[in-house]
Amino acid sequence: MQALVDRIYGTLKARTGEGRVADYIPQLAKVDRDKFGIAIEMVDGTSFVAGDVDEPFSIQSVSKVFTLTLALGKIGDSLWARVGREPSGTPFNSIVQLEHERGIPRNPFINAGAIVVADVILAGHEPREAIGEILRFVRFLADDETISIDPAVARSETETGFRNAALANYMRSFGNIHHAVEKVLGVYFHHCAIAMSCRQLARAGLFLANGGRNPLTGFGVVSRERARRINALMLTCGHYDGSGDFAFRVGLPGKSGVGGGILVTVPGRASIAVWSPGLDANGNSRVGSLALEAIAQETGWSVFSR
Amino acid sequence: MQALVDRIYGTLKARTGEGRVADYIPQLAKVDRDKFGIAIEMVDGTSFVAGDVDEPFSIQSVSKVFTLTLALGKIGDSLWARVGREPSGTPFNSIVQLEHERGIPRNPFINAGAIVVADVILAGHEPREAIGEILRFVRFLADDETISIDPAVARSETETGFRNAALANYMRSFGNIHHAVEKVLGVYFHHCAIAMSCRQLARAGLFLANGGRNPLTGFGVVSRERARRINALMLTCGHYDGSGDFAFRVGLPGKSGVGGGILVTVPGRASIAVWSPGLDANGNSRVGSLALEAIAQETGWSVFSR
Amino acid sequence: MQALVDRIYGTLKARTGEGRVADYIPQLAKVDRDKFGIAIEMVDGTSFVAGDVDEPFSIQSVSKVFTLTLALGKIGDSLWARVGREPSGTPFNSIVQLEHERGIPRNPFINAGAIVVADVILAGHEPREAIGEILRFVRFLADDETISIDPAVARSETETGFRNAALANYMRSFGNIHHAVEKVLGVYFHHCAIAMSCRQLARAGLFLANGGRNPLTGFGVVSRERARRINALMLTCGHYDGSGDFAFRVGLPGKSGVGGGILVTVPGRASIAVWSPGLDANGNSRVGSLALEAIAQETGWSVFSR
Amino acid sequence: MQALVDRIYGTLKARTGEGRVADYIPQLAKVDRDKFGIAIEMVDGTSFVAGDVDEPFSIQSVSKVFTLTLALGKIGDSLWARVGREPSGTPFNSIVQLEHERGIPRNPFINAGAIVVADVILAGHEPREAIGEILRFVRFLADDETISIDPAVARSETETGFRNAALANYMRSFGNIHHAVEKVLGVYFHHCAIAMSCRQLARAGLFLANGGRNPLTGFGVVSRERARRINALMLTCGHYDGSGDFAFRVGLPGKSGVGGGILVTVPGRASIAVWSPGLDANGNSRVGSLALEAIAQETGWSVFSR
């Protein structure tokens, strides 16, 4: 298995120059495009890694898996009255759908949906408290107290996040955001700025591969059914408008971020995190996707092939 | 297992009155709403059934799984230049997306995509020949020469199919339909009018659960990889705008039809067909979905929970 | 006045090379791009012309003014239950709006609306009869029996009109087309293929400048109120998505066609027809629009400046 | 003429109960639905009035005519690089179009367009200064120093204006808003809260009927050409998605506001203001529109009928 990871890493390392690094946030544009890491954490406690697996990167939208989990823990399935569970499915972006669906975002992984999730977590508290709660939760999941938020990235998002402010105000006009927009966005921008390494990320996602329980710490996070359902959402909605293609090629639940990270669940077996900053046209890590496709291909781990 | 199927059948039989029978085609509106069948064909050759499992019904869009398989056999992955692989994802219907995406349908399971698939199968022949080829293929998959097309349903579709004629003409204006529209629609309407029983349907889908090979006949249908990919498409796109919800609740690849049938793959284990004509708001069998949710729940067969 | 027309003609003649000739119909693509004519017919019977004013060209969508007038004569204001009176207003084309507005086109000058108008004129007759009626009506308006339909253009439209077939089928799916689609399109394609010279066209439109009555023949065509209303529709909807711009720059009711013709009403004063085949991005005659802007500027004939 | 106005007032007074008063802003919902006024100011200095013509009401979007005029005075036709001149033309609201047209609103009279205009007027100053400038300009146009802004209405807009905040942030994400969103909206909400009587409003609009010059004060406001063009924009875009219908029925340039006011230009003759708070489905004064239709009908003042 380690040989397999090394081989895939070696083959793809040469292609990290492909794709474009996200540049809409100045802080993200500074990242070294040649960074590349693969970390596989098995549910039995073994792990296989290659490349830059200990260097923290901005997990961006991958954090939405964790905030969704946290929000479901707070208000349970009543969340689904405020956020849908369907792929967003249009190349043109989500504000159109908000209009057609009266302020209800399609799913918790598009920006609008994650902003509603942040509103749920805010729950009457100050942004500082909510951000702290999210960070503590992620540290708990990864069993690693060193995980932190990159303040420069959070500030960068705040300064340029007009599109997200539009989404939040728009949903507020329908009553689907309950707190002041700037507070909600404060929470949202900060959790997107969480920095983690591949190894930390793979560990933090391990509960999803193990029926809701972290096999390393033994702590239960969510019920078996909820773990299964979060995986389903990742598969159908985890890669923006490339979700269908990712399911087709890789066949595993995953969530990508514009920082170039992807977190993938192999139900019953492993949690995988990859990182390569060059993005494809849909905003997903190009080489990261290829690495996952190769891993799925060679291991036969696709959920569709057993 | 048989006890489980009997119990689920018994519990849900009382609810077959829920939902609305499809009425846009007069022939479909005539069906008895209380029909209900569950057929589970295991890859090991055993089977578990309950209810109306030997009565043929109009499989409608479930046939798109078979025509996709046939078209991929003819032209391989070049099909994907003419049809996408992403969930359609909008509640408003698909002609809008065709406009935005220049005549390329989002996936092969929405009407527009299946019409392109029919155009591929037509391949210069007369509709009669293409229809014959599709029917022979389905009979081969199910290993049952008695399967036929309901001519009254096919005629009914032809008479009222203005929306599909609009889609086909629209795609033809972009050059993505190569044959005369009436010929392509002739093929499309006829394969939607295939009539099969739950038992036949479950058998016809068994190759998808068994790595591309029908375990009952031993015949290979597609490669392991292609079987996996068709399953992925069923999971992300198989239930119109309820695909995300079906993945969330059931967690298995499936394809529904407005005749009330659903075909589901349990990779490595089984093929399931259910039939109950009452539909939910998205056009999927209401009681059929509940039956599959219960089966997945009790067996733990979700692809997301291993 | 003649000097003014000569001067504007002279200045703009040098620019007829600008813009692109419509090429979606092969027959239209063959036209000589340097053709340019201006014909002003005053309500007092005088006329001022310059350039190619006696050569017939394909009037295309300008014919929609005449078919609208004819349809209103047949069924009166009940037409407005089937066609709206609002500018179409989106750069992306009209099939989207048909979806949102359940098969009711925005106005009678976009393709979908004109197809409904053709359906009204068809009124249970054969296409041949309806086409004959339209042609007789246009000859009556222009008081010129030599006007005819170019059969090569009509055939050309029929062969390539998949987009219009999509629109017609789509509206038929909502019940807003009452006859067989191929018959309705037969009427539509033929009236778009009417060939007229600038001089004929200006005369045919003169009733709109004169309270509904042709001042040359003395025949009443429509009531004063209906003439006013048709002018209003031309002003708000006559130039596709360039209607607002034309009103802003020229300030007169007009209807353009992709053959490069524009018919304009100067209420109380004159009817103007210009022809220059080079089109702007919205499909309106580029030099023709400039000629009309210059005429309006120098004469002060804008409806907004009295 | 006075008799005509009295008669129309008398006939329609009985129907002021029709339509719904705008309730999205609490302050507007409090207005007495039975208020009704008609003021006609002729360019020759005579005037004809009936009903509640001296009571100030919230002019709301009618103010956009004045801010457009002011912004054109500041930056001239370069404004048109940031705002279009086409009718918005869709029943579904404008944020969709902003997405398709990359942050450029269709015209200066829809909310998004007027927000860009407010951004132009802000021009680096503080909102207080810009608001003061707009108010002084309107007082100058009406030659009436008593005109003021209703602070309760302005505050009410600010508190509930999430939809407008969404539009402004969205345009800012495309770079088409240059100042802080809250400052721009401060200007926008305040000019919408200008309170004027019918008489004041008709006088303020008189320059548009008189080639750009106020005939009562003798002061030039804009060039003849600009007056003509503003009238053209009012005709094509002045009544939201009812603009085509208003042109069809009334045939005069007009701008409505959800406070129930409508300002109309009769080029060369008069400026008319009507007020009746009950609105139709498009947000235009129901009885006000009927009054204008009757005036246009009986006087023959339509721009399309001379």
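For this structure, a couple of remarks:
Every chain is named by a letter (A, B, C and D) in the order it is written, and numbering of its residues begins at 1.
What we mean here is this: a residue touches a chain if its C-beta (ideal position, glycine included) is under 8 Å from a C-beta of that chain, and two chains touch if they have at least 3 such contacts.
The chain lineup, named per UniProt: A, B, C, D = Glutaminase.
Given the structure is predicted, the values throughout are model-derived calculations rather than measurements.
When chain centres are set by their Cα atoms, the one at the greatest distance from subunit A (Glutaminase) is C.
Of all residue numbers seen at the subunit C (Glutaminase)-subunit D (Glutaminase) contact, over half occur in both copies; the interface is built from largely matching residues.
Across the two interfaces under comparison, A-D and A-B, the one joined by more C-beta contacts turns out to be A-B.
Distance between subunit B (Glutaminase) and subunit D (Glutaminase), defined via averaged C-alpha coordinates, is recorded as 55 Å. Look at where the CA atoms of subunit A (Glutaminase) average out and do the same for subunit B (Glutaminase): the two points lie 32 Å apart. One simple way to say how far apart two chains are is to compare their mean CA positions; for subunit A (Glutaminase) and subunit D (Glutaminase) this gives 47 Å. With touch defined as above, residues shared between interfaces to two or more other chains in subunit A (Glutaminase) number as follows: 92, 100. Under the contact rule stated at the top, the pairs of chains that touch are A-B, A-D, B-C, C-D. Those residues of subunit A (Glutaminase) that touch subunit B (Glutaminase) in the shared complex are 84-92, 97, 100-101, 106-107, 211, 224-225, 227-229, 231-233, 235-237, 241-245, 247-248, 251, 253, 265, 267-269, 302-306.
The touching residues of subunit A (Glutaminase), when paired with subunit D (Glutaminase) in their complex, are 92-93, 95-96, 99-100, 162-163, 165-170, 172-173, 181.
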